[in-house]
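As written, the chains take the letters A, B, C and D, and residue 1 is the first residue of each chain.
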Amino acid sequence: MSGVEIPYVSSPRPDTGLVNAKLGIWLFLASEVMLFGGLFSAYVLLRVGADVWPEGSTILNVPLATLNTVVLISSSITMVLAWASLVRLDFNKYRLYNYGTLLCGAIFLVIKYIEYSSKFHHGLYPSESTFMAIYFTLTGLHGIHVIGGMLVLSYLCWPGSKMWKTEPIRFTGRVEVAGLFWHLVDLVWIFLFPVLYLM
Amino acid sequence: MEHHEELPFWRKYILSTDHKVIGIQYALTGGFFLFFGFGLMMLMRWSMAFPDQPVPYLGFLFSESGGAISPNTYNTFGAMHGTIMVFMGVVPLAFGAFGNYVLPLQIGAVDMAFPKINAASYWALFVGGMIMLASFFLPEGPAKSGWTSYPPLADIDVGAGQTYWLIGMVFLITSSLLGAINFITTTIQLRAKGMTFMRLPFLVWTQLVTAILLLLAFPPLEAAAFLQLMDRLADTSFFLATGLVVSGQVADISGGGSPILWQHLFWFLAHPEVYVLILPALGIVTEIIATNSRKPIFGYKSMVYSLIFLGFMSFVVWAHHMFITGMGTTMNAFFQTTTMIISIPSVIILSCLFISLWGGSLRFNTPMLFALAFLPMFGIGGLTGLPLGLSSADIHLHDTYYVIGHFHYVVAPGTLFALFAGIYYWFPKITGRMMNEVLGKIHFVGSLIFMNLVFFPMMIQGLAGVNRRLYDGGASYADPAAVIDPGFYSHVANVLHLNKLMTYSAWALGIVQIFFLINLVWSIKKGKKASRNPWNSTTLEWAAPSPPGHGNFDGPIAVYGNPYEYSVPGEERDFSPQFEPGGHPQSQKEEI
Amino acid sequence: MGKVEGHDLEELNSHVRTCIAIFVGLLALTMITVSVSYLDLPVPAAISLALCIALVKGSMVVSIFMHLVSEKEIIFWSLSLTVIFFIFLMAIPVITQEDIIKQTIEVRH
Amino acid sequence: MQQQPMNDFFGFPWMPIDVSEHGKALDDLNIWVHWLMLLLFVGWMGYFIYVLFRFRQSRQPRAVYAGTKSHFGTYVEVSVILAEIVLLAGFSIPLWAQWVDDFPPEEESVIVRVVSEQFAWNFHYSGPDGVFGDTLPELIDVETNPLGLDREDPNAQDDVITKRLYLPVDKPVITHLTSKDVIHSFGIPAMRVKQDIIPGSSIPVTFKPVVVGKYLIACSQLCGVSHFSMRGFIEVLTQDEFAQWMDTEVAKAISEKEQGDMW
């Protein structure tokens, strides 16, 4: 709304050294950590209590997941480069790298889709076993985060990038903040991958 | 202040991003749900006192069961009473409304750090609330497995009620998370010049700690809600053990899940949640007691440290709700010990408030009366937590009315009284008019008497061993016809008559609230005009006009001293506001 | 070359170089953890190794990509709190689950 | 219903009678902690009322900035801490350890499997052979075989399944609690027993009734629409009566089995 100027939107508050959005996103990430913490805790408790627990690699497709890991890690580095390009005032390069991130996200989802459909094809639904249930829940929730991150990045790539002309510092801050979220999605996958596929 | 272009009504009052408007939206929504939840309980109390008898006047609502409340309806109402009161009543009012309206003013901010997220937070609550309300119109009715929604019962519940509950909870959780992020960021980033952490009014501290609890405790419940949704919609067995036999049929599930898992994830949230219900109340009470005793709060610093410690410890006591699920000695000892430890900071905070009164000049206006009554009421509630926290004593008391009595003493004559006090106290700031004192005092006396008449008998029933969640209030355990042959010992028989007393008192409590509602509506238009600082108070919100305009203060504002500088020796006035130079030299030592 | 205010280009360049190094490191660790999983180590060893590698990778992402190493104190504190509660959340339910009323008597069938 | 005898709680008849061996200790703890609560409450309440009267505005027009310098609050806090330590270390933890770890020798006890379901209690005695017959979920029939007892199993021949819990007086009981469907809770107010029954696990609980009589089991966990009426009935008999009752039941079980075979 018009009128009130909220301080520390683009320049940091001297005593804390932070802009509002930076603190806000880290708090949000903290809550995300606890969200996945709840699910991981469920995983641990169910696994410890189970009589038998299948080794992930016997059911799931490790090569595809490895590929997905590489894709997500790559998307993280393009995210960093996109932000760095903005700091260097190179908007076109920012867009290019941002396309790269979005593309990686899309590849990730396509591979996920292939994995899911091959499971369904073999009649492996979440109701099959506790392992399949936690696999679908964890990767599904992670997939929703990927989609969410892609929506934010698309916004910053197209309609939201108008802000670059008017408030470049604030826009750079937004990209940085979106990047933090994207890295978290990567981070979660880094743990999901061994937990579900390798052990 | 510069003049703004007029905004259309819906931008100004509906989709507003002004923290004050959002605060009022929260208050009205929370107030509505409190009333609604209380309405459910008045019906349930009828059933407890007069099981199977048609409800007077409202019998048409229950035509299927001949006007009486059936056990099934009772269970749905019970689950929804708990859910509504906790997540849609007290949290929106204590955290959402008071936090939104008062917190930015008290730290000298122009608005919340993220106004749009703030509005989104309110609307998430609204959607969640609507989903919960919608579930009342489902053919099988809303959720009926208690506010705790323990599986397998909740998992295998027929009808969509439990699914609505879970989806509604996801929205309510989202709302609280967004709110929490906003509150923490605002408190850390938008404090006015000179407002150091140790100069924050205690209410701001309590809201800050509350926000941290919500931020870190709610997500695991969200995770649990997803798991239960999977169980219900995708036929997984996260919470279903192998070999369940439901109504004679072996259930068609993969099994291998754990019902206890839900309890861990639920109580990981729900214990911090109960402190979410009480901490803002403690903050409100502290503000009012300081103002109306005209002296600084005793031991402000130790209160702040206790508060932080309490917040931290609230994450490691949760399994005291699970003592009798089959815990071994080691973990049991661990949770008993943490539970006893967490009672200490509460004792310290309450002692500080009691001692603060010593040497004061007490003004007994309505907000002060509610705030003072809060102390012993919270005291009773808190003290009755101790036998529950000692697991060996809890064996007898668990899931009896003693537990119900314990927590209602903290949330009803505790938190609700603090909320009433807060409404009477900040009403002049919000509307520019005072509330009526006579009506206020009637409301106070009536509420105090009837709250105690509702909740004290619960302790007696609980000690006798009467269980909670019984639609007939325990009559099945005392009825000679039902207790198949005579000669069985009934622990309930002697205390059953208390049900009627509690029911009548609950209705009387409802009638007393009418005085409050009349007062509320009447005072908006007809109340005595209030100045900026009607209570001669010291904190920052009283520097703003009543009601504050867009952007809150007349101009830049700075802070010069501690929050509660009342009756400073040598000063002529008995209050030295934070926003004016002056006050006790001690309080100005710390610089920015 | 210009830059957005409040940033030091030198620092930025070296940060980007570190990030690329980390990227390569992450790829390498991914390959290692996958190949180790084909070694058929005993389960506990395999789990600990996989988790250790994941932890290393995770802290690389957090500290460099998310530049937590150079972040402000308040963020650092709020994350430490989160980590503590995360550990509580992971550990206490399982420990409790393991410490149930157990004694030698089993129902004999 | 006519008045029932109650136990004393601070001079009021607020506690149910207690017919178990361990109950007294739990009640004592309960009373001790209520003493602490009462002390705190009465102490602070006295102070509170005095303060409200003494420091009202008309009597004390201007407040004293410094308030009190006394360390009264600290003393209270320290005493509360000490009292809690005593209650924890001296009573509650040891009592709990006894409650969950100290099981009587199996030979000297009555062993009962308690199987709960929506909304009924079933009790399974192993009979003279001391071994429970197999139960298979597939065999469950609500009317004739609520536990799905496998009548072919030799160990099941003499097994007794009842709807009421019969116990001998003065003899320790070991119950193994299981549930067929949802969580129930095995609560016996008159014996200070309460234990949630978690489907999927079998939880042992021990107690010892010391007075002959008839008592109620109260299901203490919300388990569905008829939770309110999920009572169970316990009859504590003299040891002779119990032995006699057991003999009749076993004979009945065996003869039923033979009849079943003839068909």
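General observations
Throughout what follows, a contact is a pair of C-beta atoms (placed from the backbone, for glycine too) under 8 Å apart; a residue touches a chain by one contact, two chains touch by 3 or more.
Keep in mind the model is a prediction, meaning the values are calculated, not measured.
Chain-level centrality, scored on Cα centres against the all-protein Cα centre, points to B. Rounded to whole angstrom, the centroid-to-centroid distance between chain B and chain D, based on C-alpha atoms, equals 31 Å. Inter-chain centre distance (chain A to chain D, centres taken as mean C-alpha positions): 49 Å. Chain geometry summary: the mean Cα position of chain A and that of chain C are 15 Å apart. Computed from the mean C-alpha positions, the centre of chain A lies at a distance of 34 Å from the centre of chain B. Multi-chain contact residues of chain C, defined as those touching 2 or more other chains: 74, 78, 81-82, 85, 89, 93, 97, 100-101. Multi-chain contact residues of chain A (touching two or more other chains): 16, 18, 23, 27, 30, 34, 37-38, 41, 45, 49. Multi-chain contact residues of chain D, defined as those touching 2 or more other chains: 100-101, 201, 203. The full set of touching chain pairs reads A-B, A-C, B-C, B-D, C-D.
Of all residues in chain B, only 2, 4-5, 7, 11, 16-18, 110-111, 113-115, 117, 177, 180-182, 184-185, 188-190, 215-224, 226-227, 230, 234-238, 253-254, 256-258, 261, 264-265, 268, 550-551, 592 touch chain A in the complex they form.
Interface of chain B with chain D (complex): residues 71-72, 75, 144-146, 150, 152-153, 156, 240-248, 250, 255, 258-260, 293-296, 298-299, 324-329, 332-333, 336-337, 340, 343-344, 347-348, 351-352, 354-364, 372, 375-376, 379-380, 383-384, 386-387, 390-393, 395-400, 460, 463-465, 467, 469-472, 476-480, 482-484, 487-491, 493-496, 566-569, 574, 584. The touching residues of chain D, when paired with chain B in their complex, are 1-4, 6, 9, 12-17, 25-27, 29-30, 33-34, 36-37, 40-41, 44-45, 47-48, 51-52, 55-57, 60-68, 72-73, 76-77, 80-81, 84-85, 87-88, 91-93, 95-97, 99-101, 117-118, 137-138, 140-142, 148, 180-183, 185, 187, 189-190, 192-196, 198-201, 203, 213-216, 218-229, 231, 233.
The touching residues of chain C, when paired with chain A in their complex, are 1-7, 9, 12, 15-16, 19-20, 23, 26-27, 30-31, 33-34, 37, 43, 46-47, 50-51, 53-54, 57-58, 61-62, 65-66, 71-72, 74-75, 78-79, 81-82, 85-86, 89-90, 93-94, 97-98.
Against chain C, the residues of chain D that register as touching in their complex are 100-101, 103, 106, 111, 113, 126, 130-134, 155, 174, 176, 201-205.
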